[in-house]
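These are the structures in question, set out in turn.
Same chain, two partners: subunit A is paired with subunit B first, then with subunit C.
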Partner chain A sequence: MRRTPLHSALRLVALALVVLWSAFPIFLIVTASLKPSREIFSFPPSFVFVPTFENYVELFRRWPAFVDALVNSLIVTVGATLLTIAFATLAGYGFSRLRSRFLTGSAFYMIVVRMFPPIIVTLPLFPIVNFLRLNDTHAILIVIYCTCYLSLGSWIMKTFMDQIPRELDEAAVIDGATLGQILVKVILPLSTQGIVAVGVFVFIFSWNEYLFAFIFTATEAKTGPLILAEMLGSIEGVDWGILFAAATVELVPILVFVLLVQRFIVAGLTAGSVKG
Partner chain B sequence: MKPARASYLLPAPALLMLTGVIALPALYVFYLSFTESSFGTETRFVGFANFAHIVSDGYFWTAFVNTFIVVNVIVYGELLLALAIALLFAGGVPFRKLMFSIMLMPYATSQVVAVIVWRYMLEPDVGIITQVLANLGLPALEWTLNRWHGLTIVSLVSIWLHLPFTFIILYSALISVPRELQEAAHVDGATSWQTFRYVIIPYILPAILVAMMFRFVFAFRMFAEVWLLTGGGPIRMTEVLATYLYREAFRYHNFGLASATGWLLLVATLIIASFYLFQMYRRTLKHDA
Partner chain C sequence: MTRLKTVGLAALAFAALASQAWAQSKELNVIGHAVHQRAMGSGEANLTNPWQSATGTKVNWITFDIPALYERLMREASLGETTIDVAFLLNSQANENVFNLLEPLDELQKANPIEDMDDVFPGMVEAMKHDGKLYAIPFRHTPSGLHYNEEYFKERGIAGPPKTVEEMFEYAKKLTYTRADGTKVAGLIFTGNHPANIVDIARAWDGDFLTLKYELAMTRPPMIKAITALKGLFDAGAYPKNFMTLKSDDIDTWMQTGRAAMAVSTISKSKNYNDPKNSQFPGKLKVVNLPISAELAGKYQVAPAKVEFWSMVIPKNSKNKALAWDFIRHVMAKDSILKSALNGNGSVRSSVYERQEYSSQVPWAEVEQKVLKVARVPVPPLAKAPEAIDIFLEGYQAAILGMKSPQAAMDEVASRVKPLLPK
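On to the complex of A and B.
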């Protein structure tokens, strides 16, 4: 296609707008967390300023609960990620290698269940969770987060495992390997791509999730997003400096993670929705 | 070669989890929607009373209309933006990898953090967007007082959060359009617009439909954006179905009413997803043969 200078200039303007839209809010979070409180709302915003860590000092002094919440977030996130990877790998292998009416039906059933709005299950689960004394525990969040991503996870694993040649399994069987050995020694090493893709989705979701944490935790198992929401909803007015320090601590690790694993996100999304 | 019998049990843990945590509770919600109960205990059968109540509840209709409007604005807004940006990227951009990473950044952001930064930018009087609007002589967004302004902000935050998803799907589809196809159209004398309209769009249509279906289904569940931004206020005017459900269940202890709402949400979702599910059903069956 021919490009006039005007055409190229318009493209650059459009691109600048895209960057402004995507990155500017995140840039604001991080810079505002490093500004003294009185400068946070200065307009036009100061881009050159002497960074201060007073907001971070105040955050950890006044909100010790935030550190506990980050630890909770980490436990729940890692737990949900490992559990999902384990179950999705098993299911994905089954769906990829075996043919039966029951399996076809259950693979389809998984897609249907994925469409159910999860908020509705809070209604019957709430009394059951209370009865089992699972309320306010890491376990309940791990189970729920894992379930939310089992459908997508199993389908992603199936898509990736379909690409592993069946001859490898067959050779292993002839060598006398058991099902467990085939899975661990032949399939697992070749499906790391899929495992990472599945893990990435659960990890991001569990770290950021709000609704279920809001309903099923009270004090002990509170996660990071809940503390942020508390700070935002504070009646005495929002302390923006501290809030931005907390938001930065919450956001930056997962942001770096997402940027590192972006090719898995792209691969997983296309495998899980378009193909699967 | 016959696979080991035990291997048929491989999907069992996943299926049990999905059934125990989602499918069975969802069915139970169907039962609850015909009962009156608080916290799911001491249920009393009331027939269609909950549905009758919902239909006559003004707050439900507000939430219903809000959800309908917001979901459509979000899905179509995202679709147009994502398509435009995907075309921009497919046409070649400088620092493509870096730009792609920047485009993905909101994907890492939680709903809470997104609400925090958008609220900061939109704070009455002092927020940066508020001040830019004022300097341009435009009216302020009174999102704490005005229903439509509130819903505008909710839509904006939601589009910001989910644009990367739609973008990734459309961009992947766009770069898979065979070059020869576009060149052939060009040789036949098609203008850029004609190539786009009659070659590219039909080619990526399946991806567009899938992206839209997923966004419809997920936008329908929207809770945190509304809950944390407006709390459904002022006077429950910016509520959506999920916040209506939450409030009825966990604030007013009307579990029957909330269950009826939940079931409507589920049915609406399945209707939206039906074309995709039907397609997947055919494809899994074909796979089986």
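On to the complex of A and C.
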């Protein structure tokens, strides 16, 4: 189809609106974190100002627990991402290559359980976790986050692996490869985009998750979003400069991660949408 | 040095380190809001340091925002056993369902009493009793006052703060204007997502939503007068159109940025409002007591505004009750309460207001002291408080927006709230 100048202009405007819609709130948060607190809500709003790092200094001085919480977030996020990728890859391979009534049933079951709101399992789980002395540990959050995304991850991996010709598996078998070798040396390298797609989903979910972290942590495994909620719920008045600085710091790992893997994301999310 | 001596010295050093570690091995878990932790002070000045050293206990603070804190306490206290030893509880959350999960403190107080308990405001202590037993020890209070922007008062030719509530409404109309720099100023603001500040206004006529004896006071003349006056203010454009959604944070921001001339809010927020780092009007945002109605001028010096307070409790299923009580005793000692008050904590001991080091450092001390003599809680402890509050706000909004008369709206609120009250 031939593109007219009007067509191109409309596309550009639409693109600009989408970028503005997505990026403007982030821009506001970052700029607010660099303003003196008293100017953040000044009227008329100031877009030209002398940036200051005072809010960041105050953040780390007044909320030392925030640093620990970020470390906890990182441990839990990386742990959950790796665990989910490991299990989803194995499950995806099984669903893709093997056929049985049990597997079809379990695949269907995984979709069904994903439809339940997490709060349904959260509260009954609390006394059990407490009894097992797993409360306030990184391990419990890693396992829960992995469980939340394992069904979606397995289906993504199955879709990817369905596209890898079975002939490659058969050729490897003829060459004497074991099942493990087929998976590691043949399937995994060809599933990188799927692994990244699963990783992005789990990473973003685990980094931002609040409900489970709130229910199952106290001090040792408390994550970043809990500290942000505390800052918002201040009795003495919210210190917006510090809050925006914390929100900016909280954004950084996600932005870095997404920038690093962005070339895989689009390919990963669209791959498998068309057969053949 | 022989090999034997080296080994011996190493063993001694190890034993010393181990004994030190053992001495510090006890832990006490305290669940509260960050504001309670800050009240204890930080670093070397932390008022719990001497207690931690003396008892060989490490205090672990677990902090949440208010709703999350309550939810966590209820969940932990419902278990067979909890690791939470001391918790902070807001007066409005202290209902019979909660008391059933807490340790009665009378025996502990009898065996090992808190220093001069009579010095703690008796009304607060009384509110923490259920079936004649004491369940919580008050630690922090937050009474309401009237904050006003002195610069705006001068701009509008108003000499000083209002002396009666009628004057306050009149000033609010005068103070609703647009400044030369384009800032639109609201005459009077307060939170609209909770009845506490609406009750504050009704207190100018000694009114209530529910009395401490659970009587339906919202249909009585004081509350009706308050709502009628506020509707008049709304009709005159001097009460913000978004009054229903104004939250505590909005009130703070509006005052700090000059979007409002007067606000009903916690007195101690004066510190935050005048902080040069956060406020565009440092030193110009004054706080006074909420004025009483001219009708009650002889009865009260200031309006019996609302006071809310936090108390310390021990969950019934805690494993360290004796240690928890010892901690409470330490932070409730006169010297500790003074230190926490100097850290910004509302003192629950009346004697602190007589201390020169307190009154000289806290400019609003006198305002607080005046209101604490007459203040009372905005809503009594009620298990179904969230539902009752929603019903009240619905009626209040209908009255302000003119959908119903104040009396009709409150009559309906009363009929719907009645079944929620304790039998």
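In this section, the second predicted complex is superposed on the first by the 232 of 276 C-alpha atoms of A that agree within 3 Å, B and C clash if a C-alpha of one lies under 4 Å from a C-alpha of the other, contacts with A are read in each partner's own complex, and residues count from 1 in each chain.
Please note the rule applied: a contact is a pair of C-beta atoms (placed from the backbone, for glycine too) under 8 Å apart; a residue touches a chain by one contact, two chains touch by 3 or more.
From a predicted model like this one, the values you see are computed outputs, not experimental measurements.
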Which of subunit B and subunit C A:Val186 touches, first, second, both or neither: neither
Partner chain(s) touched by A:Ala218 [first = subunit B, second = subunit C, both, neither]: second
Touched partner set for A:Leu28, first subunit B, second subunit C, both or neither: first
Which superposed partner A:Val67 touches (first subunit B, second subunit C, both, neither): neither
Partner with the higher number of touched subunit A residues, subunit C or subunit B: B
First, second, both or neither for A:Pro36, with subunit B first and subunit C second: second
Subunit B versus subunit C as contact partner of A:Phe126, first or second or both or neither: both
First (subunit B), second (subunit C), both or neither touched by A:Trp240: both
Which of subunit B and subunit C A:Leu232 touches, first, second, both or neither: both
Overlap of the subunit B and subunit C footprints on subunit A, listed as residue numbers: 41, 43, 123, 126-127, 130, 215, 229, 232-233, 240
Contact set on subunit C toward subunit A in their complex: 29, 31, 33-35, 60-68, 72, 75, 79, 83, 142, 182-183, 248-249, 252-253, 256-259, 268-269, 271-272, 276-280, 344
Subunit A-touching residues of subunit B, taken from the complex the two chains share: 1, 3-4, 6-11, 13-15, 17-19, 21-23, 25-26, 28-29, 32, 39-41, 84-85, 88, 91, 93-94, 99-121, 123, 126-128, 131, 160, 163, 165, 168-169, 172-173, 192, 206-207, 210-211, 214, 217, 220-221, 223-224, 228, 242, 245-246, 249-250, 255, 258-259, 262-263, 265-266, 269-270, 273, 277, 280-281, 284-285, 287-288
Interface residues, subunit A side, partner subunit C - complex: 36-38, 41-44, 54, 65, 123, 126-127, 130, 135, 214-215, 218-219, 226, 229-230, 232-241
Subunit B-touching residues of subunit A, taken from the complex the two chains share: 1, 11, 14-15, 18-19, 21-23, 25-26, 28-29, 32, 41, 43, 45, 86-88, 90-91, 93-95, 97-104, 106-113, 115-128, 130, 143-144, 146-147, 150-151, 153-154, 170, 173, 178-179, 204, 207-211, 215, 225, 228-229, 232-233, 240, 243-244, 247, 250-251, 254-255, 257-259, 262, 265-266, 269-270, 273-274
